[in-house]
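So that you can tell them apart, the chains are marked A, B, C and D in the order they are listed, and the count of residues begins at 1 in each.
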Amino acid sequence: MEGLVYIALFAPLVSSLFAGSFAMTSKKQFVGVISSFLLFTSFVASAILGYHVLATNEAIHVKLMDWIVAGDLNIPFGFIVDQVSVTMMFVVTLVSTVVHVYSIGYMDHDKSFNRFFSYLSAFVFSMLVLVMSDNFAGLFIGWEGVGVCSWLLIGFWYHKADVARDINPSISPSWAANEAFIMNRIADLGMLIGIFIIYWNVGSLQYDVVFNAIPNMTQIVLTTAAIALFIGAMGKSAQFPLHTWLTDAMEGPTPVSALIHAATMVTAGVFLVIRANPIFEVTPDVSYFIAALGTFVAFFAASMALVNRDLKRIIAFSTLSQLGYMFAAAGLGAYWIALFHLGAHAFFKALLFLGAGNVMHAMDGELDIFKMGGLKKKMRWTYMYMGLASLTLAGIPPLAGFFSKDAIIETAFNEGSLILWAMLVVTAGMTAFYSFRQVFLTFHGDERYHEFGIHPHEMYKYVLIGMSPLAILAVIAGFFKDGFNDFIIKILPNYQMSEHTHHLALYLGLIVLAVAVSGIVLAYIKYNKGLVRSEKTENSFIYKLLANQYYIPNLYEAVISKPYAELSKLMWKNVDMKIVDATVDGIAKVLYKSGDKSRGMQSGNLSNYLNWMAIGAIVLLVVAILSLVA
Amino acid sequence: MSNILTILVFFPALAGLLGFVIDKNSTRVYGVAIAAIEFILSLFLWMNFDSLNPTFQFIEHFPIVKDFGISYYLGVDGISLFLVVMTTFMTLIGMMSMTIKEDLKNMVITLLFLEMTMVGVFLALDAIMFYFFWELSLVPMLYIIGAWGGPLRVYASVKFFLYTFSGSLIMLVGMLFVAYSFYSAAGAWSFAITDWYALGFDIEYQFWLFLAFFVGFAIKVPMFPFHTWLPYAHGQAPTIGSVILAAVLLKMGTYGFVRFSLPMFPDASVMMITPIAILSIIMVIYTAMVAYAQEDMKQVIAYSSVSHMGIVMLGIFAMNSEGISGSVFQMLSHGIVSGALFMLVGVIYERTHTKYMSEFGGLASIMPKYALVFGVMLMASVGLPLTIGFVGEFLVLIGFYKVSPILTILAGTSIIVGAVYMLALFKRSFFGPVTNEANRKLKDLNANELVSFIPLVALVIWLGIYPKPVLSIIDNSVKTTLSIMEQKAITPEAKEIIISKNSKEAK
Amino acid sequence: MFEQIAFYFFSVLTIGLFLVTVFSKNVLYAMTSLASGMVVIAGFFFLVGADFLGVVQLIVYVGAVMALYAFGMMFFNVTKDLKEKNTSNIWVMIVGVTVALLMTLMFVGAINPDAIYASLPMSDKMNNPEAVGMALFTKYLVPFEVAAIMLLIAMIGGIVLAGKKMDTSLTNIEDEVLQQKDAK
Amino acid sequence: MIGLNHYLILSGILFTIGLIGVLRRRNLLMLFFSTEIMLNAANVAFAAISNFYHDLSGQMFAFFIVAIAASEVAIGLGLLILVYKKENTLDLDDLASMKG
């Protein structure tokens, strides 16, 4: 079994190095094929490991070697495959295999084809390190690793120039990449602090040691550790106020958006909360804050998705919103439901993104849904996939999204936080509305793309077949809910609804369903026929506010980036040059000037020298006398 | 074998003398060969180093001036071992990558002499010898900047020389006072550092002596606000000068703190933790901001050096073995990474004769290999895990967290601000469309340059993934230093701090 | 009584003569009064019982040194009065008087005679020249020989220096040569 | 009774006269004369101290000072002659070629 762990972990690394060795050569089809095959190997290994864990209920724990050993600190490269990590491994390797296959078609015409596979596989490796590590430092390796891969992949088309924010809200791929990296770094600091707190209070970073030591720790330490770790999670999972990078990250190639910014990396924050559940379990205040923030983000992101015109950004906002759901569940203590939603979301959101990728490919890179319409004739398969995924997202039974999302909303009700419940229900309606607004605008109604001289075409067959596993899973994943519950509660706390909630479950479900269906119906009425734009609505304050993301990116620019740049300039030009350096030069100047002034003494006239000598003699005599007297 | 340290110190200088008679056209090969032999010698030293023995090894000790206790005293422990190896390594790489055409012979000879002084500083266990090599190292550097530098070279080199020199004179006074105290206490003169370790001082003396040494070391590090010589020196120095300056010369200062200040003045060091930590944090954040504002690629890296050295300083004053070991490791990592970054800037400067970022843009499409190497070094510089930069930074921060969580959070912003200026540099130079048409014709790294950079990249990744062989040796010696401090501390508060910082509060 | 009279007489004489030396505008007068002053100084030596030193003073100073000056002066134009921009007298007086006061203060006030011990005590058995001879050739033998060598070197040096290219100016030649070189 | 102090004060006065000469005069030859005065003043003090403390060292010192004075005059005059030949003057105001 140990071998399988290493195969699952290192196959993507091998793939990355293999593809990387061709990175500077022209496109080679076999690079994509071999990479995909290696990823598939990793997936198979993960699946076997999953079966093993399911069958034996035993975690596999391996230690590769020591990493950092200094003082009392001892961090190994240790990997653990238990119920939680194997679930993540399964999801990650599955989605990434599909995305790899998809990319062979999608990146077909890109000259940096080989490089792309190298980055993509490197990302999968980092993600696996993140989920498989048996200690917080190992998690941090993966944590930063996925950050860098995300940076590389967002900025994949680095050659694009910067443009004004009005034209492209993300300015340029490289700008978006840097934004993502730096925002993540801010959160990573929190994560590091959390690690420090744990180390100095426990003396180890191994999960098992730390969790066993929890009863010995004071509440204040636990709370600060939980806060610090959650700050880390906020960055990676793009929670408010560190959320702006996620939509900008859509500058990356679409497979990247599907894999990293929907299915896997952004869920790392949720994973962290689930992984460290013993800590969050004993810090109810922090947990409740997580739930509240999650709910807020779910609503907040959905509201921005309502008016957006960019196909990928809409999906990105919905990702943000769904992450909010996951945090709400995790914060309320329903860790396994959060994990379940994480998995289900990975499948249908990846599917949705890949579908969007097909559309983008067909539309020559155009993403504005106002310029699309009526695509269902040309792209039947894509239409089906996206429609299915949107239905799942909207939470229509019996698709996967219904089971997971409904469970979260029910949890909120069960916990008695009716405000959270109400907001989550409303958000469910908004979700349904915006996903179908997008579907209808893209695939139904008049064919607006003709004006722009675009000739859409369906994606390659093998790509469409490659997407099918996701579609199947998006449909059937919900039926495994009870089985997954039995499987996962071996390690996560079992969350069960109270008797009361149980009785009301049917009604609650119906309410959610009704809201969702009404969302879809609203979208149908408004957008099925085609695009009807109303100047009045688009100029209204609310519309503008939402379309500009509540002006938060502008605010950050005005309050943080610009002042930082100005301050830096000030520090350099004024403080460093005019104060610090000028002081040093001033001292030197004083010495120089005094030398220059006293140069007059050196008149060359012996008589003057003799006078000076006499004065010196007087001084010496005085000293002599004083010393004699003393 | 028994006098390998003497060979290590003086072999380059002797070879340098011999260099005067070598034919002009073969000096380059000669220099590389000598540097390679020296590097192999240092590897040999590492092989034979007893990693379980934390004290000084390969000691060579005989008196020079008996009446004043000045002796020829060399020795190596875990702290200095890797600094020596890094010195020889970076000299070798620097020599290999050197592209200077004019007066190449003089440059090679100067570098070999410089190597002697640098190795000498790290190996000397006699304060007078230490001081001798310390000051002597200024001369070749002065020559390198002054003779091969940019337009402001005279100003820069004189500033560099006078600044560091005046600092070290104050340090010399401190050294003489310590020796005198030793004479008063023991009845005989001695400048041997190991003898000095046994000497205790009153808290007041410790404070003033600490300050005297501090001035000497802090200017070399360079700590805020003594750092302004560095941007000039880097800005004007030729590539090889910047590489050696950043990689090795700056480390002398921090090495001095570990070798002298901590074990000799434990109480004063404990007393000064907070002021120095605050200075270091200013150094980290302030210079990171200044680096962000720069327009010149090389200046960004010069200021980033200061910022990173702030982390090193912080680790030294964490007073626990995580922090100090991390600090020493960070010295190595900064040596390799910043050396490599300066070399990379040198590569582009040589091709375009400009270092201004505004002249570049889109270099990644033209020079992918160059961009790759730069990217790896950039990631190491911002402290990405599994690169060499992370290990030291992580250990330093984790060590200092024990001292002060608040200050650690402030210092931890280095991972943010560091990313800000490095990524901005990378974006401005490598990303975006090719803005300068002339740059389209630039050639990617050639074989010669690749040969220099591949070992660096390999090292960055190897030590990032498996730092243990280096770290465990460092850690052993650091623990010894700490136990010396613990025994020597006279005030109970200091003793308590040193002890408590090293044992976990396992509740 | 005799000692007192002699001391004061000699004092007045030396001070007067030396003042003439210092203030005279005529080199010849200055030199003559200096030589006379030296003779009187020898008188002081006899007065304090340093007979040998007195004789040496007469021979060396009055005989040799003054003769050297006299010969030296033949090279200079000494018939004319010197025209100098003398340093302002007030300044000189201030410095001079300060030095005099300080020295007096030091000699009179600060020296503690009890703390002084003879390192080379005179004995009553020998007269002065004999004692000096004993000291010179025992304890001070090496300095004595060194002084002899020094005098020899000084003599050779004096001859070489004074005899060097007596009739052309080195500076002018070099300037001309330089100018010629520059012209080329 | 004439005591040591008398001699020392006399010596001081003579020395001061010499010093005044050194400070006041600009002619090199006169400077030499003044120096001789100062040397002699010192000699007087030495001889007197020697007498009053019954110590021959003072006379020894004076003896060597005489020797030094003699060689100084020999070399110094040689140099003076050279300077005079070159510059045709012995006035220090005209000889200030070492101005910094």
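Note that in this section contacts are C-beta pairs under 8 Å (C-beta built on N, C-alpha and C of every residue); 3 or more make two chains touch, one makes a residue touch a chain.
Only a predicted model underlies this, so the values are computations on that prediction, with no experimental measurement involved.
J.: Counting hops between chains that touch, how far apart are subunit B and subunit C?
T.: 2
J.: Taking each chain's centre as the average of its Cα atoms, which chain lies closest to the overall Cα centroid?
T.: Taking the mean of C-alpha atoms per chain, the most central one is B.
J.: Counting only C-beta pairs in contact, which chains form the busiest pair?
T.: More C-beta pairs are in contact between C-D than between any other chains.
J.: Which chain's mean C-alpha position is the greatest distance from subunit B's?
T.: Here the answer is chain C, farthest from subunit B.
J.: Report the inter-chain centroid distance for subunit A and subunit C in whole angstrom, where each centroid is the mean of the CA atoms.
T.: 97
J.: Centre to centre, by mean C-alpha position, how many angstrom separate subunit C and subunit D?
T.: 4
J.: Between subunit B and subunit D, what's the gap in Å when you average each chain's C-alpha atoms?
T.: Result: the chain centres lie 60 Å from each other.
J.: Can you give the whole-Å distance between the Cα centres of subunit A and subunit B?
T.: 36
J.: What are the residue numbers in subunit D that touch two or more other chains?
T.: 19, 23, 25-26, 93 - these are the residues of subunit D that touch more than one other chain.
J.: Two-or-more-chain contact residues of subunit A, please, as numbers and ranges.
T.: As it turns out, subunit A has residues touching two or more other chains at 607, 611, 614.
J.: Using the contact rule from the top, write out all pairs of chains that touch.
T.: A-B, A-C, A-D, C-D
J.: With touch defined as at the start, can you tell me which subunit C residues reach subunit A in the complex?
T.: So the residues of subunit C touching subunit A come out as 87, 91, 95, 98-99, 102-103, 105-106, 109-111.
J.: What residues of subunit B sit close enough to touch subunit A in their complex?
T.: Listed in rising order, the residues of subunit B that touch subunit A are 159, 162-163, 224-229, 286, 289-290, 292-294, 320-322, 325-326, 329, 362, 364-365, 368-369, 372, 379, 382, 384-386, 390-391, 394-395, 397-399, 401-402, 405, 408-409, 412-413, 415-416, 419-420, 423-424, 427, 430-434, 465-468, 471-472, 474-475, 479, 502-507.
J.: Can you list the residues on subunit A that touch subunit B in the complex?
T.: Interface residues on subunit A, with respect to subunit B: 23-24, 65-73, 137, 140-141, 144-145, 148, 151, 155, 158-162, 172-175, 178, 181-182, 185-186, 188-189, 192-193, 195-197, 199-203, 216-218, 564-565, 567-569, 571-573, 575-576, 580-581, 583-584, 588.
J.: Hey, which residues of subunit A end up touching subunit C in the complex?
T.: 607, 611, 614-615, 617-618, 621-622, 624-625, 628-629
J.: Would you pull the subunit D residues touching subunit A in the complex into a rising list?
T.: Residue positions touching the partner: 19, 22-23, 25-26, 28, 31, 92-93, 95-100.
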